[in-house]
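Both complexes below contain chain A, partnered by chain B and then by chain C.
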Partner chain A sequence: MSKPETPLLDELEKGRWPSFVKDLKQAAKKNPMARDLIHQLELSYKDRIGHWKHGGIVGVKGYGAGVIGRYSDRPDLFPNVQAFHTLRVNHPTGWFYKTDALRKLCDVWDKHGSGLTNMHGSTGDAILLGTTTDHLQPCFNDLSDAGFDLGGSGSALRTPSACVGPARCEWACIDSLDICYNITMTYQDQIHRPMFPYKFKIKVSACPNDCVASIARSDFSIIGTWKDDIQVDQKEVLAYASSINIQKEVCDLCPTRCMEWNGKELKIYNDDCTRCMHCINLMPKALRPGKEKGASILVGGKAPIVKGALLSWVVVPFIKLEPPYDELKNLIERIQDWWDENGKSRERLGELITRLGMRVFLKAVGLPAVPQMVKAPRTNPYVFFWPEDIQKEVK
Partner chain B sequence: MPQIELAGKIYEVDEDGFLQELDKWSEEFANAYAHAEEIEGDLTEEHWKVINYLRNYFQQFGIAPMIRKICKDLKIDMKKLYELFPTGPAKGACKLAGLSKPTGCV
Partner chain C sequence: MAKTDIGPPDYKTMLPPVIQRNYGKWLYHEILKPGVLMHVSESGEALYSVRAGSPRLVSTDHIREICEIADEHCDGYLRFTSRHNIEFLLDDKNKVDPLIDELKSRGYPVGGTGHAVTNIVHTQGWVHCHTPATDASGPVKALMDEIYDYYTTMKLPNHVRISLACCLNMCGAIHCSDIAILGIHRTVPKTDNSRVPNVCEIPSTVASCPTGAIRGDMKNKTLTVNDEKCMYCGNCYTVCPAMPIADPDNDGISIWVGGKVSNARSAPMFSKLAIPFLPNNPPRWPEVVDAVKNILEVYARHAKKHERVGEWIERVGWERFFSLTGIPFTDQHIDDFDLAVDTFRTSTQFKWR
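Let's turn to the complex of A and B:
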């Protein structure tokens, strides 16, 4: 029996779950880049080090973003992945494709690249993995002909993304799809031509379930919410009582304990509700979001690179969102201007706010301090006095 | 290490075509290299304004300036910058200015 070529990777094929190794091996039958990729990865596992060099600057004409340069540090062993650049293709909002569009995308990629794709990570874009510098411009031209455009990378506005929203979900409080599309079209320049201190991400979730994890993954999070009371159908609540323990599973797990259940009727103290969606998710037939719908705007979320992970926090508790979204876009621009003016190289918005302080941020972008901004009780009460205010009092 | 020949001289560059021996940079280098960055014709005074600015900044701080800073200090907008350097400021302009490759982020 011959010795297996990739014993370490083969371990990842064992078990019942899907395996990327199986997919790579399948691709390797057709494509030499995929073949070398497998062997380079096996070597990386053996050496316990990644065999990609850091970064590369390649691109297509007129664009400063959308292509990520990647080179192997062992081109002597793996000549077919010597250059293995990634293209980020702006995904359709909500990730809805016709099969025809997907086929076109794959045909372009079979022609110009490794045939390997990555759809969709939390970046959002359709990621096309692995091509050479010579193929970039022709591939971009073919993608354009098929109706696709590149997304953001580097210090650009990253491709905005949204949950499926009203297209598929009953809880949508805002039209996340339209908002995302509108923002994408408005800010084409910022997406394609990096100009900021670092990356800037906008994600739109249509309800507080936050299915695109905008609170953890974006500098500017738009999350659908409601202003009035949760709509309750007491008859349906009663029906749920026969299948779930309402006291234990609903009331006791409410983070603000804002509900009471007496065996017959559910009472909600809406003033204490923080829109966590737990009760609505558990009893979808009985409870619905309120009728006065809009969004909360949160800023500052980011993943751990540089200074540690941050969750976005509220800066606008409630805003009505209807086309053409001028108020929203105006706020985005005010925030970006301030960040752009004051941010250091590679400093995300959340880090800048932490460095200069929330009161400086609020004053600069013209937002009033409101109680909803308090992140946790008694930690940051947002009582702001500027030196001139104190002077006034003294006089 | 890849090499390129420009105006009769050999230069060592990296995979993306960035000059490796920064002291080898000369105006001839930039002039001869311009066509590779999709610049049609000769480098104009406006190109040189950007290139010289980048070189001065790099000599002073050891890194490439943020793009907003280029636009602000030179009083040009992004559109103009991409008109001058169609492959972009990070790729085209820094390459011609003989700066080491900006460390990009994915």
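Let's turn to the complex of A and C:
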């Protein structure tokens, strides 16, 4: 018997969880790029270091985004992955697929690439992993014919994403899918032709459970919420009492302690409710978000690079969101214009707001300061005043 | 010439008829068993979603297999979740068990719902990235093999979101995970000043450094790194290819805990450092797998029902977290970046263990 060629990776074919090595080998049976990829990866496992060179500018005609250049640093050993570029394909909103669409994607990729994908990448795109420079344009042409388009990369609007929303979830306070699709279609130019200081991410979650991590991961976070009272079906509350301990699991864990349970009826002091979703999550049959629905807008969220990770900050406590979403899009554009004008290269929106001050940001984009924006007012006395306000007072 | 700017296919064309009929009309849902959700509409109709695990890095053959299963069991309608699970969308309860049988016979784990570990969000690693400090798919596979039963059952205090990023760029934005696995470098970049003038822009390289460790010499078109200020983030390498930072003997993995993204009960939180460094030990990263499993199981034993990892730690205190898990506390755990002092204790109220 011959010696195994990839003993380290072979080890990861074992075990109960689905193995990516099995998928690599499946692709390698048909494709020389995938074959060399396995061998390069085995070398990485042996050397404990990556073997890809720093990017390279490649793309398709008319776009400055959607393709990530990648080259092997050992083309001598692995000539078939000398160039191994990635295409980001904008996923159908909510990651819903009919199998004929998925098969079309596979047909294009079997024809032009390695046969390997990520379903999906972290931002949401379907990732087609590995092709040569001369296949990029033909691959894009075939994708376009099949009804697909590329997503964002570089200093562009990145592919917006949304939670499953009203397609399946009873908690949806906004139509996250329609909003996301509408934004995606409106801003095709910003997605495909990078023109900003750095990346800009928009994520839409239809309720405060935030299933697409909008607050943690996007510059512009849209989170569904409501203004009026939680809808209560007391009969169903009582039915839950047989399966959960309502006092202990619901009332005692409510962050504002805004509910009382007497064994028969649940009383909610809605003025104290901060719409955290805990009680609704636990008793979906009995409790529902209110009827006056809309969204909270938060901005500035990002991962660490460069100046540290940030969570998005509340800038609009409540906004109604109905098609065609003009008010929302107008706000997005005002914010992007200010960022574009003032941001340094590779400075995200949250970092710019930190540098210039929330006060300056709010004034520039025309948003009023309200207490909902802060956990607490400032504790230091280093307070700025606008010159025009001082002159008024002096008179 | 191909059409440009057509955007993604309209999601409405991908929705199964049961969703099209009940869009926005869902009343409530139940988790019937691990991996099976039932959503009931005002109309009385129900949608059954069956969730299965995926390695995320999938071949077209694998996708075609998923399509074959979906065609046979749910008229070809499926979706992927934000954590890379596959969900088959059915309109008939009687179709659920035959689908699960087929998935199991083909080796797909069914679960990831409710109080479980769901699929691990992760990045590319050595498979396709130019700045990784570790692999991504490998450690994820090794870990999921070991904690598989937490995916297929719902016996944890709450759901546990585990994520992995292979460097500080955090493509997976893992900074708000119950347990985050983060690849880190530990040595300064090796600047090749013979290449700098040709491949790097000096001002942008200087500006890329979060701690101001890089100085430019515009006249000679070179760069110097102040080693004492460098915390090895690798951001300079992202903008300047002549500053490679990977180091097989010193790169590895750090573990972070207690983050969350939802607003349920507590506000979204960042993950905090639990273990500053574990070695890269392919193919199965045993030190990393053991460390994560230990944290997960200590949490499972000690947290109250519905407490996320971070909520549990906030209740019992970090002193207690370190004593319960047996993880040594080091000076690396104490912040020294911007706003570090906000994390220092300013009272005499603390626990001894």
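Going forward, the second predicted complex is superposed on the first by the 372 of 395 C-alpha atoms of A that agree within 3 Å, B and C clash if a C-alpha of one lies under 4 Å from a C-alpha of the other, contacts with A are read in each partner's own complex, and residues count from 1 in each chain.
Here, contacts are C-beta pairs under 8 Å (C-beta built on N, C-alpha and C of every residue); 3 or more make two chains touch, one makes a residue touch a chain.
Just so it is clear, the model here is predicted, and its values are computed rather than measured.
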item: Touched partner set for A:G55, first chain B, second chain C, both or neither; value: both
item: Chain B versus chain C as contact partner of A:F318, first or second or both or neither; value: neither
item: Which superposed partner A:W261 touches (first chain B, second chain C, both, neither); value: neither
item: Per-residue touch tally on chain A - higher for chain B or for chain C; value: C
item: Touching partner for A:D189 - first (chain B), second (chain C), both, neither; value: both
item: First, second, both or neither for A:A83, with chain B first and chain C second; value: first
item: Contacts of A:D340 with chain B and chain C, given as first, second, both or neither; value: first
item: First, second, both or neither for A:G64, with chain B first and chain C second; value: first
item: Chain A residues contacted in one complex by chain B, in the other by chain C; value: 54-55, 61-63, 86, 189, 345-346
item: Chain A - residues contacting chain B, complex; value: 54-59, 61-64, 68-69, 71, 82-83, 86, 133, 153-155, 189, 193-199, 340, 345-346
item: Touching residues (chain side chain A, partner chain C) in the complex; value: 8-9, 11-12, 14-21, 23-24, 26-27, 34, 37, 41, 44-45, 47-55, 61-63, 70, 84, 86, 89-103, 105-106, 109-110, 115-122, 124, 129-130, 140-141, 143-145, 147-149, 161, 163-164, 166-170, 172, 175, 177, 181, 184-185, 188-189, 192, 208-213, 215-217, 223, 249, 253-255, 275-278, 281-282, 284-285, 303-309, 311, 344-346
item: Complex contacts: residues of chain B adjacent to chain A; value: 15-16, 18, 38, 63, 66-68, 71, 78-79, 82, 86-91, 94-95, 101-106
item: Touching residues (chain side chain C, partner chain A) in the complex; value: 1-11, 13-15, 19, 23-24, 26-30, 39, 47, 49, 53-64, 66-67, 70-71, 76-82, 84, 86, 107-109, 121, 123-132, 135, 137-138, 141-142, 144-145, 148, 151, 168-173, 175-176, 204, 207-210, 233, 235, 237-239, 241, 246-249, 251, 259, 261-266, 268, 270, 280, 282-284, 305-306, 337-338
